[in-house]
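Here the chain labels run A, B and C in written order, and each chain numbers its own residues starting at 1.
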Amino acid sequence: MRGLTKIFHTTVRRPGFAGAVRSLIAPQRAAKTVVRDVSFDVARGELLALLGPNGAGKSTTIKMLTGILTPTRGEVAVAGMNPHLDRRRNAGNIGAVFGQRTQLWWDLPAKESFTILRSIYGVPAERHRARLAELDRLLELSEFWDTRVRHLSLGQRVRCDLAAALLHDPAIVFLDEPTIGMDVVVKEQVRGLLRHEVEQRGRAVLLTTHDMTEVERLAERVVLINHGRIVLDGSLEEVRREFGGTWRIHATIADSAAAAFSSPSQPVSARDLPAGLELFSQDRTEIVFAPVAASGDTPAITVPEALRAVVDRYPIVGISIEETDLEDAMRAAYLRQGVATAEPEPESGPEPETQPEPEIEADHDAGQVVS
Amino acid sequence: MIETPSRQPLALRAAWITPLGELLAPPRIAATAIRMVIQVFLVVYLWHGLYSHTSTNSGLDRGQAVTFAVLAVLITRIRGLDRSAGRDTVFQHVAYGTIVYWFLRPLAPRRYYVLRALGDQAYGSAWVVVGYAACLASGVIEPPASGTAAVACAASLLLGQAVLYELTLLTDLMCFWTTHNNSAVQMIQFAQNLLSGAYAPLWYFPAWFITMSSFLPFQSTLNTPLSLYIGRIPVRQAPGDLLFQAAWVAGLALISRLLWDRAARRVAVQGG
Amino acid sequence: MRPTMWRRFTEAWSVAWQITALNFRAQLEYRAEFLIQIAFGIVWQLSIIVFAAVLLAKFSGMGGWTSSQILLLVATRMLCNGLYVLYCGSVFSLAFLVQQGFVDGFLLRPMPVFRQVQLVAFQTNGIGDLLVGVGLFAGAIARSPLDWTAGRIAYLAAGVIGGTLLITAVFTAVSAAALHFPASWYWSLWIGEVSATFGSYPLSILPRAVGELLTWLLPIAFIAYLPVGVLTGHGAGLGVPVAVAACAPLAALAMYVGSRLLWNWSLRHYTGVNG
């Protein structure tokens, strides 16, 4: 997709009783830009995590990708088709699970829902049977697919919804917070399923989630959206590197050297830190070093180099390396964008594209699914 | 990845959804039967009671009045299937946000809606047929005024159900514009109940009322077909009435078709 | 120091009143809907009057009741219905509150669940019902040839309160099932229809057996027919002993209490809604 923008018009309600009555007669409207200039691509067999704080515009973006909402500006293509204009033809290509909302029929057993969906999607009986068996193997559905959906627990229902979304073998699956509220066992099952689908079946999966463990275990690529704009598009490594530093060294040094660190008469430069490392924190003999962020022509220090430098320079009693929490990195990412948007927006056209030109070409099956 | 078909799938199974839900719950079937029997019972006695001092009133004798009332009870069963307990009305889908899935399937929402309505109506019709046979056999109601009257009644009934379908569709489509469609539904239901003759044949009402309702589509569901059945409307008048019904169906269908396109474009799903 | 019972009572009412006021304001937010609901309520009730009037005009000798008597009957029932809708109307669609998970939430709060159900939303359609009910009631009293002594007025008032409580009792009892079975909604609908249809006729036009059904099985007779019947001097032909008929308001109260107990019992066995 390119330059996707979505502006909503809402009615502003005035406060108070008099205001409520006035709103009855003369409503006031306001325009709200929910998604601003979002562009990225998803390829076959790729699992992309769409992250961002609540209200960042993730769900709106997904709705535009599935063709439910029409973008105010910009273009989208799924396997070469415009999801909004070619909605029905594109339907066979996409599957979706929207968090708390089920597409199963409340009053019928889940198995019946699957049969009806088979009929709706026009899946041949043999293929349907095989697919159902496969999904049963991965999600253990047969234990409860004879129960009415009304009586299923949340975990069971979401598993059925996932199966329903995957029954017709779509090229891309959109998952909007599917594992919210589920227990650990079920979450593992779902992750296993997603991994299987991506790796064995070559499906593209676009996942929205707040669960960082999920992102860590599943996503190869992460797109961060905040205030309707893309903040970052890259691998997990890039996120960590850009927003949190990837690792820290926890060193326990001998008492004699500890004094040198904390003595007030010593200026900071005399603490003789290795190049590329900075002091993160100190608690008497517990020192934490963090890598200095790479800038311009000075590359970031690597872990082996940093370890060697610390061990060479100080009398170490104990040492360990810690990877920074992804959540901390995310928080920093959200906050950083918050600062950036405090500046006034230029009213010019779309921002210049920083991604390389994708190979879209007519050969849809080969690479790109969403573009 | 499957081949994306250029035509829509037939998906007849979708029509079976509501009946299946009912059939899987024998208590519901029993409850429906009980309510129907009691209603017929009460209605028969009510009209016998009202006619205890007169033989003919407004062109209807007791037998005709009772037949009319009982058939009205039976026929309101056809669309009496309320999907709200199964969280399956359009209003609920919009409220819960699950309407979004209607627009993600290769089956057009409009066609899906038609299939569901047809399935519901077919299921309701089965109840009507059974009830009719039982009432006729037990002598509670009279047979049709004549063979041609029966045919005219059947044709009129079909058209009447088509009108009702369109009216329901219009109120359902309103969900896409307003977050509440309760008042619209209630108004249509009210007009439908009053002006269709569900409570009492329209013939008892003053002349101006009958004339007014003849311009509206509501009487096509019950009053016209049942009046043909009992012979209150002579068969020779039938073609005119049927044509009028058909005109309403066409007109409403046009409006609803336009609105469907608009509704699809308007899908504003709540949340996130 | 534990607050006295009186104090708790007044506080509970104060809270209920505040919530009602908020609910009312919430209804105003959906502008068109609010106005339509009121207008619709009025039109709906007026149509029932029209319908009853038509049948009244066409069919003479409604079980020996004169038109002014039937008017009083219809008006009483209508007023009771309007009061019920405003007091307890939300219990009618309890199945949907259950479906949406509201009842699960109610169980966590320090207020009795039934009261929370009553306070869940302002029943705007009750306004229209009540306006017409009051108007018709006033008209019926004005047209009635009865001598309105203090005793008669008191009895009529008791009858109205009793009727309201009875309608509430019937729908509360059905909604007790709604806590477990969503399909009980269809029963609520059906009972509403039957009571609206048959509650407006003097039941003496129906054969004895049917009248009994509507007195003891589905106690519609107790809503308006019995009290008004006693008032208008039809005490003998009501199908029940005059003493029983005269005690209709008390019977209604007993049924109301019974239905609340049934409801609480049903709530104790509530298992919650999933997903």
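Note that contacts are C-beta pairs under 8 Å (C-beta built on N, C-alpha and C of every residue); 3 or more make two chains touch, one makes a residue touch a chain.
All of these numbers come straight from a predicted model, not from anything done at the bench.
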Most remote chain, CA-based centroid, reference being chain A: C
Chain whose Cα centroid lies nearest the overall Cα centroid: B
Rounded Å distance between chain B and chain C, as computed from the means of their C-alpha atoms: 28
Chain A-chain C separation of Cα centroids, rounded to whole Å: 53
Chain A and chain B, separation of their C-alpha mean positions in angstrom: 48
Interface hub residues of chain B, defined as touching at least two other chains: 85-87
Residues of chain C whose C-beta touches two or more other chains: 182
Shared-contact residues (touching 2 or more other chains) in chain A: 102
Residues of chain A defined as touching chain B within the complex: 54-55, 58-60, 63, 66-70, 87-94, 96, 98, 100-103, 105-109, 112, 115-116, 119-123, 127, 148, 168-171, 176, 365
Chain A-facing residues of chain B, complex: 1-6, 8-14, 16-17, 20-21, 24, 85-88, 96-98, 100-101, 103-108, 112, 265, 267-269, 271-272
Touch list for chain C against partner chain B, complex: 30, 32-33, 36-37, 40, 43-44, 47, 51, 54-55, 58-63, 95-96, 99, 125, 182-183, 185-187, 189-190, 194, 197-198, 201, 205-207, 210, 213-214
Complex contact set, residues of chain B against chain C: 25, 27-28, 31-32, 35, 39, 41-42, 45-46, 48-54, 57-58, 82, 84-87, 178-180, 182-183, 186-187, 190, 194, 199-200, 204-206
